[in-house]
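First the structure, which I've put down as structure tokens, then a few questions once you've had a look.
A, B, C and D are the chain letters, set down in written order, and residue numbers restart from 1 in every chain.
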Amino acid sequence: MSGLIDLKCVPFDAEIVSGSADIVFTALPHQVAMGVVPGLLDRGAKVIDLSADFRFQDVSLYEKWYQTHKAPSLLKMAVYGLPEINLELIRNSSLVGNPGCYPTSAILPLAPFVTGDLIGLNSIVIDSKSGASGAGRSLSLTTHFCEVHEGLRAYKVASHRHAPEIEEVLTTLAALPVTVTFTPHLVPMSRGMLTTIYADILGDLPPDAVHDLLVSYYNDKPFVRIMSPGKWPDTLHVRGSNYTDIGFQVDKRANRLILISAIDNLVKGASGQAVQNMNIMQGLPETSGLLAIPFPV
Amino acid sequence: MSGLIDLKCVPFDAEIVSGSADIVFTALPHQVAMGVVPGLLDRGAKVIDLSADFRFQDVSLYEKWYQTHKAPSLLKMAVYGLPEINLELIRNSSLVGNPGCYPTSAILPLAPFVTGDLIGLNSIVIDSKSGASGAGRSLSLTTHFCEVHEGLRAYKVASHRHAPEIEEVLTTLAALPVTVTFTPHLVPMSRGMLTTIYADILGDLPPDAVHDLLVSYYNDKPFVRIMSPGKWPDTLHVRGSNYTDIGFQVDKRANRLILISAIDNLVKGASGQAVQNMNIMQGLPETSGLLAIPFPV
Amino acid sequence: MSGLIDLKCVPFDAEIVSGSADIVFTALPHQVAMGVVPGLLDRGAKVIDLSADFRFQDVSLYEKWYQTHKAPSLLKMAVYGLPEINLELIRNSSLVGNPGCYPTSAILPLAPFVTGDLIGLNSIVIDSKSGASGAGRSLSLTTHFCEVHEGLRAYKVASHRHAPEIEEVLTTLAALPVTVTFTPHLVPMSRGMLTTIYADILGDLPPDAVHDLLVSYYNDKPFVRIMSPGKWPDTLHVRGSNYTDIGFQVDKRANRLILISAIDNLVKGASGQAVQNMNIMQGLPETSGLLAIPFPV
Amino acid sequence: MSGLIDLKCVPFDAEIVSGSADIVFTALPHQVAMGVVPGLLDRGAKVIDLSADFRFQDVSLYEKWYQTHKAPSLLKMAVYGLPEINLELIRNSSLVGNPGCYPTSAILPLAPFVTGDLIGLNSIVIDSKSGASGAGRSLSLTTHFCEVHEGLRAYKVASHRHAPEIEEVLTTLAALPVTVTFTPHLVPMSRGMLTTIYADILGDLPPDAVHDLLVSYYNDKPFVRIMSPGKWPDTLHVRGSNYTDIGFQVDKRANRLILISAIDNLVKGASGQAVQNMNIMQGLPETSGLLAIPFPV
């Protein structure tokens, strides 16, 4: 950012970084992160890791979907960095695995509903739509302007690595096994993620109860905004912000709950959430540096 | 189209139109169409109507979701103009109700699966994503460039009028009641519709069987292309064409079938399908005028 | 902005506003503004007006391109609010006419060159490209998503009202008559304005001299960034910020100077510049509230 | 194109190709083309080459802007494939150099005006705007969706290789040296090119005369559409077609002519023009296969 930032990129040195930083963000590819993080922790650093390497508690689950884990013992101390769910654990942690963007957008709407026999825990369908920035900056025909523009497609249908991440967190919350069907889609926009979730209602769950449950569950959470009934989230309204907007509908004809969330995949879905975790770990106000007004368009 | 077309717009006159046209396309708002179509039929015209007024067989269903029907007796003779389903009926009809874009994209993938106890008929979730042209040319902030661009949102969640249209057709095919949950979304692109469908598998339905069933069901249908396993449709690849591309996945962990279709909402979802119906009604080859190569981007 | 701002919209009352506000921003249509501003000034308010009503010094020029002026006497006290040009005048003013977006993008690159016999003052061609937000929120087919997307067109060619605004300011700077040819274009993006300017070089003006002149002219101006030779501005890099990025080229074969600027039409082209003017008028640091990092994409 | 085309890609063999094809299109990178084309011509093939290798008559001009030419003798027989200018030469040629997209969009509007002392031949400024498909399919951050979307920038300012191509053709037409300033820009859309041209009027050139000259010059040209006065081209209206739409304005205050053209850079700017050349070389109607209706959006 010409004229605004004068930080310089320097070669990584675990010794120097650990000695000088209050907290370290590691934003490295999967597998590379697990080679670097132990050296930082050994030297006393607190780490927020943005790869998948420290998001799982169950190493076998990680190894089934990714590869052999080189630092499995660290998984016991790592905390899943979703502050609305794990606030106290994060506060006391020195290693946080920052959640994936899709899991953030799916877990937050579902969390209030996976206990209390409200919905079928094996009936959950998660249909997510992401802007092209989710695919990263590496070069691929997949992100060529002319392939994205006016294109719309699903990918890794029921085989994306974020499904087990979602399931492990929800299973812990539910204290019962949760299985989800998860389909990600690529949408012709730069930023933003909209996730539409479907689940069978087990007994009776009137719209008012859904709204009340969402409002009370996220009552004191500064970055979750519950929409009024009949209003649904729009990625435009969270763009550039750390908000998660959540709306809902009860399909009475099918007795099915529909939850919809919108996040900015690059903020609440990645770096903003990492800063939120930092704030918590450092005893700062949770919202420090994160109250920028959304930047629609 | 300057330099290409020299047809002139003239005031509508049922007498003149009926006397001179082999077939009449009525592209009028709901409720207006039902006032015009009877006069055309009375004068011996064949009509393909692009409104919702002649899509329903059950007048009470129409009146529940739209308004009082002024020509209910015509519903008995009207044929739902989805040629892949109703070919023979269309051939012999003089009044065709041209399907909505969402129903076309949902019914075609589902049709092979609603018989034979393959899927739960009340477990169907239809998550559709449409480009902005689906909202028409009338002026609204909803279609202002700055509201659509980088925006992504659901609307009329579980309350869109295309849900009963889908259900009536599937119920007829299944000969059993079918209930669907239907959520439309607005995506920042001009054309194209992607529909992702989820349904519980009742017994055992291996991927090969899904593929075989789709291929055999649409064996002789020129506008349905079944994707190979592991490939999924992209709106880019049907743009400007009358194709419906259908892909699938079996989520074995959840024993759930996933079907995905892509159409151009303005062609197979509207005018292209109307021409296809005309071809059939007039005894022309079904593909006449409809074999333009897709126009990606 | 749900959850962020709790200001309420209230009916306008000049008495209340003047009594309680340090400074008043009037963002009203042309002609409406000139009916409201005098009442505010009479009551002692300082006003920054975002319409065209107080941008001209010469009332006959205003009346030629707009309409009869109802408060022509105010034009003598009004200052053209381009802080890089009129800093001291703005500081001491109580009525600032905030510049149009096109004039801001054209005047800043040209200002250093209109004195000293460097370029032909009647040879200036200004080719501007604007995102759709420049057309405002009012409903029109012109801003319908499907008309803007993949569309690119010029409008009001050599007949746009911003041409005389540019000319009057440059003429004052040059102390000689300046005539420009100005062509605005509408580009399929939401925000951003790129202006490419051409002018005949009168004598010899080597690239180094162009660069030095730009750098020295804007030496102490916090919102103007001069690009290194061979680099040209991109609207992405000023998005959401108050910056004006300026690049240049000397076409030696034609002995012609090319200047290129990029601004965010909604920030430096409108509200950001208004805040910059407020800072100056109130004795605040010029950059207060305006150092947000650009928000590319 | 699944289901539509069953041609197979086979390794190139000059012998086989020359023996079986009526005409050969070579769409190869610069420098590669000049290695392949001679072998085809030697074997009696007619060739339409889409690279820059056979666009120049003056080999020194080619070598100044590109590299050493390996088949300079062929330049004498090669014809510049702009049918509206070189119809008879193309008809009798066996080697056509298909024009660049920018030159097509610039030469056609200017051609009627470079003779007769109408405009200053050194006063011409060409400001072109191209969609991202102009940059090709090769992978580069420059065409990454997130870099193009909402981005707008000039590149190769006054240093693009299409400038000498434009100048050589216009110089031949004018029979006097023509020098142009040419600035290409990248616009966030897939297809389309809009070129805005400025030139000093030498004497008196009223709007009616401009319109009449354009209309008469392109009277019998099927792919040039002259806009009525006060209307200007839009890339949307030529999308997918072989049309060049040309509009104009006379800026009386500056006595400057403004010409604006719109083409589809992939059709009239490349492959469509190649087919038009083929039609002419083969004695087919010039419009064969090229009358598809534009595909707006």
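Just so we're on the same page, a residue touches a chain if its C-beta (ideal position, glycine included) is under 8 Å from a C-beta of that chain, and two chains touch if they have at least 3 such contacts.
Every value quoted in this text rests on a predicted model; they were computed, and no experiment measured them.
Hopping across touching chains, the smallest step count from chain B to chain D is 1.
Between the two copies, chain A and chain B, the C-alpha superposition involves a rotation of 180 degrees in steps of 5. The chain pair with more C-beta contacts between its two chains, of A-C and A-D, is A-D.
Centre to centre, using the average C-alpha position, chain C and chain D are separated by 36 Å. We define each chain's centre as the mean of its Cα atoms; on that basis chain A and chain C are separated by 41 Å.
The centroid of the Cα atoms in chain A and the matching centroid in chain D are 49 Å apart.
Counting only residues that touch two or more partner chains, chain A has 133, 146-147, 149-150, 188-191, 297. Chain contacts in this assembly form a complete graph, since each chain touches every other chain. Per the touch definition, chain A reaches chain B in the complex via residues 122, 125, 127, 129, 131, 146-147, 149-155, 157-159, 179-181, 183, 185, 187-192, 194, 196, 198, 232-236, 239, 247, 249-251, 253-254, 256, 258, 260, 262, 296-297. Within the complex formed with chain A, the residues of chain C that make contact are 1-5, 133, 190-191, 225, 237, 240, 243, 291-295, 297. On chain C, the positions that touch chain B within their shared complex are 132-133, 137, 139-141, 143-150, 188-190.
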